[in-house]
Structures are given as structure tokens and as C-alpha cells.
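Pasting a structure below so you can have a look.
Going by the order they are written in, the chains are A, B, C and D; count residues from 1 in each one.
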Amino acid sequence: MTTVQTPFERVALSLARQGMMTHLGVRLLSASEGQVALALTYSDKLTQQQGGFHGGAIGALADIAGGYAALTVAPEGMEVVTVEYKINFLNSLQGGEIRAMGKVLKAGRRVIVSTAEVVHIDENGKTTACAVMQQTLAPVPKTY
Amino acid sequence: MTTVQTPFERVALSLARQGMMTHLGVRLLSASEGQVALALTYSDKLTQQQGGFHGGAIGALADIAGGYAALTVAPEGMEVVTVEYKINFLNSLQGGEIRAMGKVLKAGRRVIVSTAEVVHIDENGKTTACAVMQQTLAPVPKTY
Amino acid sequence: MTTVQTPFERVALSLARQGMMTHLGVRLLSASEGQVALALTYSDKLTQQQGGFHGGAIGALADIAGGYAALTVAPEGMEVVTVEYKINFLNSLQGGEIRAMGKVLKAGRRVIVSTAEVVHIDENGKTTACAVMQQTLAPVPKTY
Amino acid sequence: MTTVQTPFERVALSLARQGMMTHLGVRLLSASEGQVALALTYSDKLTQQQGGFHGGAIGALADIAGGYAALTVAPEGMEVVTVEYKINFLNSLQGGEIRAMGKVLKAGRRVIVSTAEVVHIDENGKTTACAVMQQTLAPVPKTY
């Protein structure tokens, strides 16, 4: 009997292995073919000098949202590594949480191109654009 | 009596306010006009799914190295915000520490352009290129 | 009597001053607040070594599409300069034409963030994704 | 009898096939393993709306400088395609010429990472930084 992993299971298994993301408290919201949503609740582990979400936290969340979107379209037995990304920061807010939606733009054989949008959601549910990212990934054999 | 902050003091004071960087354990190695070096020792707070330094940690360190290099050339009473950056990942290694050297390329009135190089240094002192970043920052009034 | 320029007029007047774009044959398709579409017909002035549209032509078209989208939201008497952009190439095709759609993502006081999508349209009207770009611009006083 | 191409010959042969670059007047200055220098003399084919070198010309020159640097390290029978690049514009000047120096940072099996610096040189030989670029390329089989 063989079992086929769903995109959600595939991403969840990899995320659980990421010490940094577990430590910061990243949550997987949804994962389907070519699309992954993640969330990260505000805490003092995530702040910059003015008390807002640190660009490092925003960048890391965008990176793995785009990366996991790419993972959902990578061939079985492969995972992906980030070749590079570029991120524009639009607003930095505090409290609430940030959410990143990663999407695959092109799934090539050699490289996968993804984008991610990060929004901030405050305690009242108000959504503000936070960052946009454009990213290149490469499929590599999974070694674990 | 007035006291003028050295670049090192200026960067150290801002870094101490960054919850995320304090939490991850970032250390300020040196800071002079237009140039800042930072280090981050390997720990399980910083890993990706294969046990290497997480791209999120590498990206965050590069971001603040370039950003703090920019801070050292910003007018007094101003600080800087990251407008955007682009990072290429060259190698991901584990153990030891990563170091980022940020440098100002152009200090304009409206925007400052910085670069950062991140290297990995293992327990035996062997240095490996880890990532390169190109970044745009904007000077903004300091509000704290 | 004062006349207010439409976004289309504002962009068309600037485009006519661009020696390079006039020379390559760029056409303005549409311009409204925050959004500009441009086209460029295939010719041997635009090719790379394999006969496809040159990345330089695709990049230039994306750059001005995003830049002119930014111009439509810049205050009167100002124009914009490109601070930086990042472009991913998805496919390179020949014949037909390429079209770029530039859109403003955030119109800040200091910087404007735009994106552009470039598509190829062949002789039969078939559309293929060609490139995506993310860009930062700065408003500057118009000097002519 | 087999003849081995020098890096200069390899780049020169590809450059001669690029309709756009021939048309704009790009000249190959030097090419060695991992490093290529190109030049482009000012003309009204290359201007933006204020009479300076167009970002499209600067971007195209940077792109092929980094790309040809990558070509010099690609295996025989392969050429390279640009996956993506990111460019920061530092100054826009008119007259004289611009020169781009492309360098390979990492020659991987899947992707090659290059950088390029573009400078402006005026009629009196004065050199001004013009742009910096960071780029990802992929080796692909040569089909002509």
C-alpha cells in the first residue's frame, strides 16, 4: 500500500524540521498545488528597534511561503532551495500577526519562480500590505 | 557638554533595541563610517529543514549589516528603514557561525544603497561564501 | 485658463523625449492612474543571439512600464527616476510583439513601488508570460 | 585538428549574433575566465527623457556583461540564459561612454551567480559609478 502525501502534509513535514521557524512560531494555514499560506503572531522575538515586525521576520516568512509554494509543485523525492529573492517592504506594523501567501509563477525544470505577498492583520482584523517578494528556487534531491 | 556618538555606539544602541536580533544572538563585531560587521553563532534557533543555517537567518543578518552600514552615514537624528533588498544564496552550512559585512555604496539624500556579504566560518576557521545582498534604504527621522 | 494633463498625455510627452524608446519603437497603449501599458513590435533591433527578444529589450520595456505607472501618481511638477528593479525572465520568444503592463503597488512620499508583467503575443494572438518585475522609484523635481 | 576558443572569441562570436547589441553599438573590451568588460558610446539611440543614458541601456549592458562573464565559465557546448537580475541605478550622466565589468561570483552546476558594475566615463576620462547589478544565470545547451 502506498500513500500519497497531500501538499499540506508535504509542507507541514518540512516546516516541522525547520528549527528557526518552529522557534519563531510560524503556522501553516493552507497549502494546495502552487500556493501556500503561513502566519506568524507578533511577539518580542520578532521586533525591530521601533517595536514593529522586524524585516528579518517578514523576509523569512515571505521566503518560506514562496519556497513552500514551490515545494508543492516539485517532483516527488525532490525538495527546493532558494536561489535568491528580492523583497520590497511597504509598511511595518506591530501587534496582531503577519500572513504570507506564496504562489508559483512558473515551474520550470531547472528553476521555479515564486512570489509572496505579506500582509499585517491587527487585533480588529484590519489588513495592511506589508511586503512583496519575487523569488527563484531550484529543485534538488531530498537527502533526508 | 555634548557627546558625539561613535558609529559603533550608534549601531550598538539600535541593535540592543531589536528584540529579534537580541533573541537570535546577533553580535556587533565592528562599525566604522559606511561599514559594519556582525556575527551570529549557530544554534537550533537558526536551522532549516536540513540542519544548515536558515535562509531567514542569513537574510536577516545581511539586511541589518547593510542597514547599519547605512545608519553610520545617516545625518544625526535620523535612522534608516530598509526599502528593499535582494539576496543570492551561495552555500548553506551548519555549525560555526555566519558573519555579515555591510558596506555603503552610495549615500544619497533620498536613498542609501548598501551591499552585504555573508560568509560561514566553521570550527576550524575555514571561511565559505554564504550569500550576497544588494539593498536600498531610506533615511527617516528617529522617533524614539 | 489652465489645462490639466491626462495620465495618457503626461506619459506620452515623456515617452516622446526618450531617444532610446522612440528609436526602438515603443508604443503607448494606455495610461490611467497607477497603470500603464506599452508595446514593442519584434524587429532585428531587438534580438539576442538565438533570435528571440533580447532581455535588454524586455527589461527596458518593463522598467518604463513600471516607471510610467509611477509617473501617473507623482505630484504635478515632479517626475520619477528608477532607484532599482529586479526582473525574472520566464520565456523568450520571437516574432509578434511584447507588451508590458506596469502597476503602482504603493505610492509613498519618498519612494513609489511598482510591478510590471511582460507578455509575448504572437502573430495568432497567442499570449505567453515573458517576464515579471518589481521596482522602486523616487519622485524628483521635473527640470525641463 | 581541434581548436579551442579563447574566452574572448567565445564572447565575441555570441555578441556578434545579438541584433540589439550590435545595433546599439556595444563593444567587447576584454574577456577572461569569469570576467568580461563591455563599452557603449553615448548616442541619441540611448537617451532617456532628460538626455542621460537610459536605464534600459545601462540595464542591458550590465545584463550581458554579467551574462558573458558566466559564459566564459560554462561547459563547452553550453551557453547561458539570464534567469533574473536586480540593478540599482546610482547616477545617470550624458556624453562619453558607459562601461560594464561583469564578474562571476559562483559557478554552480545548476545556476551561475554574477555581478556587474557599470561606470560612466566622460570626455575627460572622469569616471562615475553608474549602476550595480546582481544576477542569476542558468547553463543551457547551445542550439546553433
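Criterion: contacts are C-beta pairs under 8 Å (C-beta built on N, C-alpha and C of every residue); 3 or more make two chains touch, one makes a residue touch a chain.
Predicted, not measured: the structure shown is a model, and the values here were computed from it.
With centres defined by CA atoms alone, the chain at the far end from chain C is B.
Comparing chain pairs A-D and A-B, the larger number of C-beta contacts belongs to A-B.
Inter-chain spacing, taken between the CA centroids of chain A and chain D, is 34 Å. We define each chain's centre as the mean of its Cα atoms; on that basis chain B and chain D are separated by 30 Å.
A separation of 22 Å divides the Cα centre of chain A from that of chain B.
Residues of chain D in contact with two or more other chains: 83-84, 86, 88, 113, 134, 136. Of all residues in chain A, those touching chain B in their complex are 14-15, 17-21, 23, 44-50, 54-57, 59-61, 63-64, 79, 81-89, 92, 143-144. On the chain B side of its complex with chain C, the touching residues are 83-84, 86, 110-111, 113, 134, 136, 138. Every residue of chain D that touches chain B in the complex is listed here, in rising order: 86, 88, 90, 105-106, 113, 115, 129, 132, 134, 136.
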